[in-house]
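Letters are used for the chains, namely A, B and C, taken in the order the chains are written, and counting of residues starts over at 1 for each.
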Amino acid sequence: MSDTSVLDSAVALLDKQTSRRRFLRQSGVAALAAGVATACKAEPKSAAAAQAPHGQTGGTMGAHDTMSGATAASTADAMDAMHEKGIKAFPAKTAGMGNQLLKPRMDNDVKVFELTAKKIHWETEPGHTVEAWAYNDQVPGPQIRVREGDKVRVVLHNQLPESTAVHFHGLELPNDQDGVPFITQPPVKPGQSYTYEFVVPNAGSHMYHSHHNSAKQVGLGLLGAFVVEPKEKGQFDNPDVDEVLILNDGAHGYTFNGKSFPATQPLVAKLGQKLRIRFMNEGMMIHPMHLHGMHMTVIAKDGWPVPAPWKCDTLNVAPGERYDVVVNCNNPGTWAFHCHILPHAESDHGMFGMVTALVVQK
Amino acid sequence: MSDTSVLDSAVALLDKQTSRRRFLRQSGVAALAAGVATACKAEPKSAAAAQAPHGQTGGTMGAHDTMSGATAASTADAMDAMHEKGIKAFPAKTAGMGNQLLKPRMDNDVKVFELTAKKIHWETEPGHTVEAWAYNDQVPGPQIRVREGDKVRVVLHNQLPESTAVHFHGLELPNDQDGVPFITQPPVKPGQSYTYEFVVPNAGSHMYHSHHNSAKQVGLGLLGAFVVEPKEKGQFDNPDVDEVLILNDGAHGYTFNGKSFPATQPLVAKLGQKLRIRFMNEGMMIHPMHLHGMHMTVIAKDGWPVPAPWKCDTLNVAPGERYDVVVNCNNPGTWAFHCHILPHAESDHGMFGMVTALVVQK
Amino acid sequence: MSDTSVLDSAVALLDKQTSRRRFLRQSGVAALAAGVATACKAEPKSAAAAQAPHGQTGGTMGAHDTMSGATAASTADAMDAMHEKGIKAFPAKTAGMGNQLLKPRMDNDVKVFELTAKKIHWETEPGHTVEAWAYNDQVPGPQIRVREGDKVRVVLHNQLPESTAVHFHGLELPNDQDGVPFITQPPVKPGQSYTYEFVVPNAGSHMYHSHHNSAKQVGLGLLGAFVVEPKEKGQFDNPDVDEVLILNDGAHGYTFNGKSFPATQPLVAKLGQKLRIRFMNEGMMIHPMHLHGMHMTVIAKDGWPVPAPWKCDTLNVAPGERYDVVVNCNNPGTWAFHCHILPHAESDHGMFGMVTALVVQK
């Protein structure tokens, strides 16, 4: 498949989202290609190296340690071709998309969300399909987004070969809605359904996930975002773009929203827009997220506004934590955005896993 | 041993503490059982699953990937029975209890604490006994609790087969009391004793532990809490309940205060009370501690008041760090409280390791 | 080589720095030796151990678990001798020193820095030499220190067997200067040179490193500090001592500024001075840095001033993060300063890896 057709396919995939985002994404992809073309300033200049200033030095390796120039060049070219291929494939098309907004059914004034847990095949990157345990056939499960004070009913249908249960991580619910088998409820057996119902008590970026045999069940994909808009909006609650980014590192590899680079989705904003990112770590490892080109202002931790927003370019997100940040998108271009534990993001074969891009469009 | 007798034994063990806490713990255990009984709303409803809304989906697994219903049910029942057994055993009785308050002997106006380091057997969970290197036969060692400005003498007796020394982690002592062999003192040889003496310089949640061959010696248990009450109390210094929670992950497995679930101790408070928790990480890994049902307000880092308290439900505690939090216990029930690196807390065989509960009693 | 000659050599090595620092270092080394000599209060007192107060206890190990006294003593002596040898060797002489300030060449009003990337041998501790990929034959690469608003040109010469590129981590540069092959520029092939040029946009403690095959290239040493002084100085911008401490854990082992204990460099200040430390993590793991004897006040995260400085004695630094702290050096002596993941700092054979000292001189 040619690069062009891959990009076309990726854009077609993205078309399933809103048209505003489709427009931005197409432009973003173009910007990425243009950026590479125009920035090309490299020049052969091997003599210059000898002029580099050296202070006190370690021992330079002898010639016998170094490949011949011709060999080095061809080895480098082969490696670079692999790296380029991965980047040009971004955003690559795969089957399935997680974290899709789940529209509730209204039962009088109650918002009803149905979640069906079952085993599926899940494509994390082109050609790499894994077993997943998923809500509504998505990894992450569908995004639930409600408002503080809403009446919510979540009906869980268990089609898994194991019992399960849903814990609403971060919501301060009555104890019997907390989703921990044998502590707050019985396990929901294979074939059974179970209903949770509550008034949404606190705003913020929260999560839902299995709390039964959870190291396995969450690791296989039984997780999703549960976002609660506040009753009274604060200064950061009207961003131009609002994205959830769920970090994971379990059986499916290193993923953002269930996909590995180059199948991760870019974040896209127009120059001057405010982008809110809701980081959520559903894995077993920390992921210090590094944004190029602009800083992030941390505005909330685990859904709670921080007393004084603080700035960073690398945000360490630990398992179970959520951080909300705002990016003032004032620097145009396509910016790498990745976990800075480098083996989570790049290998000899190129970028993979926890890599995406923020595209800021003029 | 029946569940009832395990609980009775656990309560008997807890009786060794104050009567107020005994009362709370008994009620807490009762609440846990009652909670499970009353929350039972599961219903067989296999047809409903087919009605779940699906968006764009991955490939559902074919029938050949799924166990028959009968097999799945019996496998799930067997797993659930293991999970239930663990939870019903909580808080399980084991030999030994760490972090017991150590009453000083007064020598005029000096508070004298004697610490004897030696090899012991230590039961981390029922039936699982490990070698430990312990102070006063406890893991963690006994809790030292003094007041800013107190005159303190700590006499170390080394009955270990290796030299050792005590470092008071977080206390800003004169250099010759810092406990680092060959930098601030000689090692204390097997059979020797050594005396530290100082005026307590700074308040907060601190620790003491070996600083000789420390990866091994601390890993085996030579550690404890050193809590310093401030001279002038602040707004958070009169909590209703004040608990130390030492996190560890070395040779003894994943533990809270030297015990693994179900032998961990629950934290217990009455509805409306303020609970202060002093997290201390003596291990080699981060442990993002997640409390269900209520948030935690972080009031101090490494014993130093934070400039502006901040809220969270998942607090990432790294090795050597201490965090003090306050929980406003306004949500009644028995709440899971665990490390959110899920493989530190649950396996196919049920919860284990870094799991306990916060019991908020009406 | 005798201890004395090692120390002499170490001091000679340090002489290459400023004379003020040489003076401090010599005194510091003397202080270290003196401290050990005067603090020696250990006494044989085996009987006292039996008097230690015991509460509820685990099972004391039987005599058959314990080595005989004589064997224990000789084993302990042998271990202690190894530990002492390492500490006495500190700061040990090795070939090469990283993080040396790189003086720019002026081209009109542009500060020009030349960086040559190539394979070298690098001695991380006495007698332990590894392959490194280095800028200007140093690990870390030379320190670039400029001022906000400066015009800067960085010329990269690639003498490696692979392509490479330089990313200025933390600087908010125009997109085409961001250093990510195939996204913002082509890879710089073996034998080629490449020029970056920009006006320095934001102050703070930043880094530069490879962003091509980075898990390998950064892991092997292609990294350095990029410090930007602010245009308008704040209250913390005139410290008496200002140090960069780059943490690493890759192919070269656990290192501070490219060296492992005992070859790490001590930090040295006079009593009453303010010491600013700029922590930068270029590794793959967290490193909670623990300072003995004094606390650290965190003043900046990733180069951005924190809204309210906060205090700690153990600072968890994740990959890609930078923290600036100020230490009020009010406690004289030689203080251990190390990563508190103990297996990064000590083994049965003594301290190694991520250990150094802060010497506060009267």
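Quick note on the criterion: contacts are C-beta pairs under 8 Å (C-beta built on N, C-alpha and C of every residue); 3 or more make two chains touch, one makes a residue touch a chain.
It should be emphasised that the depicted structure is a prediction, and the values quoted were computed from it without experimental measurement.
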Shared interface numbering between chain C and chain A [over half = same, under half = different]: different
Rigid-body rotation angle, chain C and chain B, from Cα fit (steps of 5°): 120
Chain A and chain C, separation of their C-alpha mean positions in angstrom: 32
Set of chain B residues in contact with two or more other chains: 286, 308, 316
Interface residues, chain C side, partner chain B - complex: 32, 35-36, 38-46, 48-49, 51-61, 65-67, 69, 71-73, 75-77, 79-80, 83-84, 87-88, 286, 288, 290, 292-295, 308-314, 316, 331-336, 340-343, 345-348, 357
Contact footprint of chain A on chain C as seen in their complex: 16, 95-97, 100, 102-103, 114-116, 118-123, 129, 131-132, 134, 136-139, 142, 155, 157-159, 161-163, 167, 169-170, 172-176, 178, 180-195, 211-216, 218-219, 284-286, 301-304, 306-308, 316, 318-322
